[in-house]
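Both of the next two complexes hold chain A, though its partner changes from chain B to chain C.
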Partner chain A sequence: GSLMMISARAFGDNAQMKEHHYTGPVEHKFSPYAFNGGTVLAVAGEDFALVASDTRLSEGYGIHSRDSPKCYKLTDTTVIGCSGFHGDCLTLTKIIEARLKMYKHSNNKNMTSGAIAAMLSTILYGKRFFPYYVYNIIGGLDEEGRGAVYSFDPVGSYQRDTYKAGGSASAMLQPLLDNQIGFKNMENVEQVPLTLEKAVQLVKDVFISAAERDVYTGDALKICIITKEGVREEIMPLRKD
Partner chain B sequence: MLNTSTKTLTGGFSFENTRRNAVLEANLSEKGYSAPNARKTGTTIAGLIFKDGVILGADTRATDDMVVADKNCMKIHYIAPKIYCCGAGVAADAEVTTQMMSSNVELHSLSTGRPPLVAMVTRQLKQMLFRYQGHIGSSLIVGGVDINGPQLYSIYPHGSYDKLPFLTMGTVTFSLPPFFEQTQSEQNLEEAKQLVRDAITAGIFCDLGSGSNVDLCVITEKTVDYLRAYDQPVQKGLREGTYRYKPGTTAVLTKTVTPLTLDVVDESVQVMDTE
Partner chain C sequence: MALQDVCGFLETLDDISPCTYLPNEMGYMWRTPFEFDGDSAFHFLFPPQQCSRKNRAPTLFSSTFSSLSPHQQPFQLSHGTTTLGFIFQDGVIAAADTRASCKGLICCPISQKIMPIHSHLVVNTSGSGADCMLWERILTREMRLYQLRHRKRLSVNGAAKLLSMMLHPFKGTDVCVAATLCGWDGEETQETLQSCMEIADVKEAVEQDSNVSAISDESAQGSVKMASINEQDEISKDTQALNPTVSNQNTKNALSTFGERSGPRVCYVCSDGLQLKGEIISVGSGSPYAYAVLDDGWRWGMTVDEAVALAREAVFRATHWDAYSGNNVDLFHITAHGWRRRDREDLKEEYYREREREKKKIKEREKERQKREGDELVEGEGDIYSVHCG
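Presenting the complex of A and B:
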């Protein structure tokens, strides 16, 4: 006997067969957003902060650029990492830079990391009903010179962290950081404070692992190291496939 | 008298869950979840006819949505001693379709008493895929050598096919044909292998759904060379730190010891030959 083929689309919401037997008119809607991939990561130490990102810009199954870093330097003590929709990342960073200038001119001093974080939260919530599709992580030094990390959601909810991963491979990286930096789920382990060298090595290793399994992460890794001397950059190649 | 309530198996797919799945999918999407997707191979595959035979090439990445599920899977499948098939699309479909075809081809060839023809494999594949109206999501490149010489066919999920001296399929089909325009069917083996390798490598680097290694399969009248990992164009990163845990790192929450009382029933000694 022959098999009757019933497509799942032939059924309506209440699982009754629809009257027609063709797919029918399909409504296409213009989407103002796109997903351009990329992973960002920030770690705060005793007297340093790191903000790292991969440099691949993709869309769908294709690559737009292999050299598009997602870390943007804001001041000598603060770097922001932005991933998600590249159009909104560019616009948001332009707006932040303009607001930093305005603050400098009105108050005759640079914005502190904490102030930038609070301001970003209000900027993001200002577009609560048509959000910036950006996952932000700010890394920098606070007023006492200690490392600070602030992580955001697309509509402005934020908190201060010791370490945070955002972007496409965040779900792969965050648990590893919880274990290696936060010493979670481990017993009888000496909880040594994180040094700059160990933190840089850890960041490189986690990105190597992320590039193995996340198709959106790869090409190269850029790490911005923030200390009282200023902001220094390190670049390392990653898998290009 | 036996109760005849048991349904006779009609073979092939069972669609009994279709109604239930439609309801589930509608309910899930209300809550913002989506049904799990079948794993696809994302993929770059190619085939090329050269002077002495046919070369098939493929990458080795299998993806689950946009996460790499298998870094080194085999996409060139055996169908008959001189006929192999590259599969793109849904991984399970490509695997099962080629296995079924391999079994049918052997039976058919025993029945005819002749080695199988590539055209016959293509005909059976496309008839089956058409029968399933595209629900079997496999795109295939069939290549081999038979009594009529080297041949190459591509078959699409809905059942159409093309016969060409060069073929490319997969998620990045548009970037590969330019490579193959430069082929002539009088190329020698090394040039042809290099060309297929270049085409698959282009897919590995430019397509997010393809990656890892290049597998080649060279089929001539006399031999079949299955070159697994013919080329490994990607440098894997080397981790600097060690991530091993000392015994005692994992917390033991509770411990229960149940002694098993055993009686010795039989004891025997077997001498090992240690010389």
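Presenting the complex of A and C:
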């Protein structure tokens, strides 16, 4: 009835913006979700993988923290990036880390990237009727040492990709990656395989562009580079406004 | 722990009561979630409304959880698609586009909507991506268990009933699965193949002009295909061919004969509980456009190439008109031997080819018109009629 209609209006596309504009009397119910912003990106190469995220944590018009990265290292070959509702990100990563330990203790080996992805899908679907409001992207090396990226939706649908952007600026970044890494919609172009240096430079440029146009992305960029030597981190400053 | 009680964490797990309204054949699998698999709890198999609320102390989350309705989620799940499946004399064709959209954004331009379940069954999925992925896995597991227990494959209708029963507890929740099961029933013995060929020959003979020489050609071809062909069948083919009025009956006979033993089958199952059988099924936002093309071109006696071309054309037209369908087209062909997959095709090229064809046609029409006008000038006055007929 009318309660549903009113709350649907408050939960428009940009729910977080409407709550702060005066659009007439609006009845608020307690919402267990909040949108904390942030962008995550992952790229898979021939023998490497990159997972990058900005470090801004915001809510509505305010910034909670400028130093809250969204990449979490799981194993020596896998890093996960989570954006969306920060509370669910923290709980979800705790659950994943606990399950990794359980697997390590019962099977005496680390989980592979593909196995972590499959497990995360069932964890997310386990809360199909009260989902984790998290957009996940896993980046890592598969059993053969090739780069792998797995992208998820909030309820656990996933697939393996070469590159994927998630979070608040994903709609801006994904077409740019389609063009630069996937060579889509370009004619007469030589498709050279992506090197690590070129990929890192591309990720930095892409995040600089995202920080220009998306208010929830900025402050600093953290890139986790996964190679057979392990996981290396690089930090670069971004716009702070 | 105090915090656990306040948050109601793990509460929904403890309150799961056994599902008593499912048949006992499957019943033992569904009794408790922790029975067969220790750590990965399948507690999602029981929708939340079924939990008993008798012993639950009021907690912070439970009061809000019960009043949380699906559309309060701040994100949308992926929907929108064109998938189709139809049967014909030489099997089943399953085709789908590859676009997964999420409100206005394309989440994935290269998703796979047709998933093989076993060697003779594929499922076209549409609806919410995560639901389809998961229920397809569950269905594969159940079918494999059936095959191991009963030493034969479950039929397509049986699989549809199974999936429908598994989805029934979730009617009313926002699980959204619309699956088209496309497959070939029955064991692939030599006898089955022969009977399929015979019926195919009968159909082709009847649909052509009743011309005795053409029929004898067909039967000659038929004998080349198979090692042995009974004289009796040849006689029956001739008599049927000479009675074209019997053609409708033959269509029904062909299908009912398939119904007895084996043959191509296509079934639709929906999370609302709908279950449909038919010859042509198309699902999704682009299905009206696909139905238009399919209804126009479908005949039981199509060849494989015609059927593949028809399916491709249907998906192509649907992707053109429907915003939520697009990118590539996947095509599977299932026969008594199993399923075969055609390479994924990018429809972008097809659009350019079509534009070129249109341009050429326009040029040709222009040339013809000029030629006609040139002829009229040479003729002199000419009729009023010829000018108007131009």
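Everything below uses one rule, namely that the second predicted complex is superposed on the first by the 214 of 241 C-alpha atoms of A that agree within 3 Å, B and C clash if a C-alpha of one lies under 4 Å from a C-alpha of the other, contacts with A are read in each partner's own complex, and residues count from 1 in each chain.
Here, contacts are C-beta pairs under 8 Å (C-beta built on N, C-alpha and C of every residue); 3 or more make two chains touch, one makes a residue touch a chain.
For clarity, every value in this text was computed on a predicted model and none was experimentally measured.
Within the superposed three-chain model, A:150 lies out of touch with both chain B and chain C [touch as defined at top]. In the superposition on chain A, no contact is made by A:132 with either chain B or chain C. Once chain A of one complex is fitted onto chain A of the other, the partner contacts of A:121 are limited to chain C, with no touch recorded for chain B. With both structures placed on the common chain, the touch criterion links A:159 to chain C but leaves chain B unconnected. Of the two partner chains placed around the shared chain by superposition, chain C is the only one that A:102 touches, whereas chain B remains out of contact.
In the superposition on chain A, A:30 makes contact with chain C only, not with chain B. Applying the stated touch rule to the two superposed structures, the overlap between the chain B and chain C interfaces on chain A comprises residues 4, 7-8, 11, 15.
Looking at the complex, you find that chain B touches chain A at residues 10, 12-13, 15, 18-19, 21-23, 25-26, 42, 61, 63, 66-68, 71, 132-133, 135, 171-172, 204-212, 233-241, 243, 245-246, 248-251. Within the complex formed with chain B, the chain A residues making contact are 1, 3-8, 11, 13, 15, 58, 60-63, 168, 180, 185-189, 198, 201-202, 204-205, 207-209, 211-216, 237-241. Every residue of chain A that touches chain C in the complex is listed here, in rising order: 4, 7-8, 11, 15, 29-33, 35, 99, 102, 119, 121-122, 124-131, 133, 153-159, 171. On the side of chain C, the complex with chain A involves touching residues 39-41, 43-44, 47-48, 61, 64-65, 67-69, 71-75, 77-78, 102, 105, 107-108, 111-112, 128-134, 173-175.
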